[in-house]
Each structure stands twice: as C-alpha cells, then as structure tokens.
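Read from first to last, the chains carry the letters A, B, C and D; within each, the first residue is number 1.
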Amino acid sequence: MLQPKNPDFKQTIIKKLERQHFMHHIGFNLTKIEPGCIEGELIIEEKHEQQIGFLHGGVTSTVADLVMGFAAYSLVDINEATVTSDLKIAYLRPGIGHKVIAKGRVIKAGNLLYFCEADIICIDKQGNETLIARGYSTMCAIKI
Amino acid sequence: MLQPKNPDFKQTIIKKLERQHFMHHIGFNLTKIEPGCIEGELIIEEKHEQQIGFLHGGVTSTVADLVMGFAAYSLVDINEATVTSDLKIAYLRPGIGHKVIAKGRVIKAGNLLYFCEADIICIDKQGNETLIARGYSTMCAIKI
Amino acid sequence: MLQPKNPDFKQTIIKKLERQHFMHHIGFNLTKIEPGCIEGELIIEEKHEQQIGFLHGGVTSTVADLVMGFAAYSLVDINEATVTSDLKIAYLRPGIGHKVIAKGRVIKAGNLLYFCEADIICIDKQGNETLIARGYSTMCAIKI
Amino acid sequence: MLQPKNPDFKQTIIKKLERQHFMHHIGFNLTKIEPGCIEGELIIEEKHEQQIGFLHGGVTSTVADLVMGFAAYSLVDINEATVTSDLKIAYLRPGIGHKVIAKGRVIKAGNLLYFCEADIICIDKQGNETLIARGYSTMCAIKI
C-alpha cells in the first residue's frame, strides 16, 4: 500500500548500512527491507545486558529507532534523509531470551512527517516469542 | 530536597555499575551521583555514529535512560530496584561534538513511580555546549 | 483473553459514568464495554473545534484517555481504581467529520501498570472512516 | 531570546481565540502572551471532574496542548499555522484545587518543528501551588 518515492530504496538502504556504525557496534542486522516495513535481529550477549541480567533498555530503544527510522527512510525521495524527531518506548516485559527481533512500520506517511510503530520481541532457544516493548516515533524528512 | 531511603545509595549504585554491561560497551561513565540527580559522560567515537556522521539516536536514548534510571534508583529502598516503564526522547538538534553529557533528575518521587527528565548535551573541543535532546521517563520501583 | 478480576466490571463502569462530569460535558458516550476493550463516540459540534475548524486536539486526547482508562479499569479488582500515569497522542491527520469514534484496549495488563493503545477515528456523513490519531498510555492501579 | 517572525503575533493570537470553541467550552482563558511563552487559567468546576472528583486528565491535556500550541504559534510567520504532531502528558499528582494554571514554552524553535514543554499547576483557595502535570509536545508549522 505504501509507495516508495525512490524505486531503488532497497539498494539505497543497503548502501547506507555500511556507515551505520552504532548498529554494527551493538550487532544488529536487518532481515527484511520492504516499503514502510523493516525488520532486524540481534543475538543477545552479555554486553547487551543491564545489572539484573535483562536486555538493556538502551538496546531496545536503539533497535526500535533503527527499524522505524529505516521504515520511514524506505519511503522518502532519493534526495531526502530522515531524522528521528520523537521516540517513545513502552517497556512491557523484561527482555530475556536468545535473540531480539524488531519490526518497524510506517503507520502514516506525510510529506514531511512519518509516524511509525515497532514491536520488539524476545525469542528463547525453544522459539517462544514474547513482546517486550512497543516503539512509537515521528520521523522527519530532510533534504540532503 | 529528595531524600534517599537507602543511606548507602552511592555505594549501592557504584556496585551495580560493575554489571552494567551495555553501559560499558558503549563507553559511558557516571560523573555525579546525588539523591535524585545523576550525571555521566561519553567521548564520541566513530562507533557511536549513524550514517550521516551524527551521534546515533540510540546512544542518546541509552544515556538518557541510564541517568534517569539511576536518578530514580538513588531514591529507592535497599530491597528495591527500578525498571523503565516509559521512555520518551525529544531529539532537538543533531548530535555533533567531542563529548556527550547526560544529566538526569527525578521530578516527582512516588511510592512506586518516579517521573524523571534528562538533558543530553554535546560539547565540542572548544567547550561549547549544545542541548541535543530532552529525555522524559517513568521509572517503576520493584521489590527484589 | 484478558480476564477481569471483578466479574461485575460492566455494572461497576456504568455506575462510575454518572460522575464522569467532563465526559458528559463534552458529549462522549461509551458504546462497548468488554474486558480490556472499550469504545465510545461523540457527535462533532462547533464547540469541539479549534480555530481552523478541525476537531480540537484536546477532544482527541480526552476521548483517548477515556477509552484507555476504562479499558484498564475493566480489568482491576473491585477495591481498585486506575489513574493515568502517562498519555501520548500521535496526531496523524486533521479531525474532520460528523462523528468521532474512540477504541481503547489494554495491550499488557500487569499487577500495577496497564499499557494501553487507542484508535481515534473520524466518520463523515457517508460513513467513510479516517484514522486521525493513535493514543498510547500507561494506567496505574491504585487501592481505593 | 525567541524572536517572533510576525511582529503582530499578539493581535494575531487574540483574533484566533474567537474561534477557539473548545477552549471557550471548557472555560480556559489566556493570561500571558509573550514570544514562545503562553500562560492561561481555568476555574475548576464540577464539569471538569472525573469520577473520583479530581480534575479530569482530558482537561489537563487540553490546557497543556493549548498553551504549547499558542507558544509555537506566537513564533511562526503570518502565513503559517501550527498543528500538534505529538503530545505527551506526565500526570504527576491528582488535580485538586480552585484553579488550574497552564504555562507553555517553546524549548527549540526550528523551521518546521517547535518542541514545547508545559507546567500544569493547581492552586487552592489559600494560594498554595501544586505541579500536577508536565506536558511535552512537537508542534508543526503549516502554510495556510
């Protein structure tokens, strides 16, 4: 339903990923790049934890920001980039598991503002999924 | 004004930091631990950047979450921990500079919920400060 | 799926409505009361508008708060009430139409905190629906 | 510090108020109109209450939206209006008192986006003030 303005959005995103240093630093990878819809995952290691041994809330907010930001970026014109204007995370349950999956989507694409939502899901070694957080953001298109 | 229930809150926090793996992974350190008021800093390196070369929004949200979480944690009882219930970041300006400073404070301490705010500031090599984001969160005390 | 702790939640809510003065003042009525799921509607009149002639954002936030608050309230124990801890509204499109429908639901019910979401929809005289806003909130259960 | 683009912003706002129907419906009046800084007040009556007898959260969110919206509007060009993109309210304490005061300010004015904050304060008959909520919003300038 959502139409990308840049037909080569997938290649544009893949190229952008090279310089996504913080994303590489935490070990997150994209697994799906569709118009207005981005998914990715991360294998949980000790470095991702906070003091109680749960997934750190900063990892959750980072992967939410990434999939929502790229979901908006998949829809903009070739001479535009997107920046996060506003990010909110509702932490529903403790992050425990083997892997984190983040799914971001654009729920309203405007000329300038892209409203997005995300599901952050933990998966244990048996494959059981738990929704640990919901992300909500406004992304703003800027000319580059 | 804000009274800690645990008189040894400073030692309790310092001990907790050992297992704050994600905080160490990104290179953030606390510089001030007062009741309801926490500050910290991080030297910006390439690993903290997103594709345009600005500080990644995930770093901003992580350090905001850290200083607000510890600000709440400085006030709870010795048998309590705090978890983030809700985190919002308003990204005011691009993150550019040599160093990021995060300042978190509790604006209302309840029995269960701690409302917090944070300033995230970039500093260049000449010492000029720029407020790049504001953080707002609700922290929830849990028995441990 | 969501189980109410108070089997008479519907009667409890209907009785509470009598003293919901601000809800009556704006002319909003509930149309559906199910466990964790509340809907209501309001006929748009001139008194609900802002200066451009759109539905006022305060009406949108009020009806979002109402359906999310009652969605949480439908699940709590008979000796508990709920208060809004945190409310966020994403204003997606201008509010234009004959009627506003608000649909609130609990997405995670805890012991103390209830995370909720809402859809706010405008309907014109031909019955066409437009999603004008999404609401997100944390409701907190308190003993009464 | 904040410079209005429209030197007649005060008159422009006063004229706009005539058609602020929902603001009149709830009985809120502006008491201060300065560049990027707006205040107003409302005498609390039974119609503003929710079922427990506290100020309704919808009144709080409406007055927060109003003072932040006008704070942004005081800074835009004469051919621009502002719409709320994102509104968040942190409900710190129950709203009890004789009067509500709302103070809104722009914390960052951009070309398109205005980041705002608000204090919502209840005052009892003895003049004691209580901060009952904080509001945070992003306002977006649109050409008219």
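As a working rule, a contact is a pair of C-beta atoms (placed from the backbone, for glycine too) under 8 Å apart; a residue touches a chain by one contact, two chains touch by 3 or more.
Please read all numbers here as calculations on a predicted model, not as lab measurements.
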item	value
Residue-number overlap at the chain C/chain D interface, same or different (half cut)	same
Chain whose Cα centroid lies at the greatest distance from that of chain A	D
Mean-CA-position distance for chain C and chain A (Å)	29
Mean-CA-position distance for chain D and chain C (Å)	22
Intercentroid distance (Cα basis), chain D paired with chain A, Å	33
Set of chain A residues in contact with two or more other chains	85-86, 88, 90, 138
Chain C partner contacts - residues on chain B that touch it in the complex	85-86, 88, 112-113, 138, 140
Chain C contact footprint on chain A (complex, rising order)	88, 90, 92-93, 107-108, 115, 117, 131, 134, 136, 138
Touching residues (chain side chain C, partner chain D) in the complex	16-26, 46-53, 56-59, 61-63, 65-66, 69, 81, 83-91, 94, 144
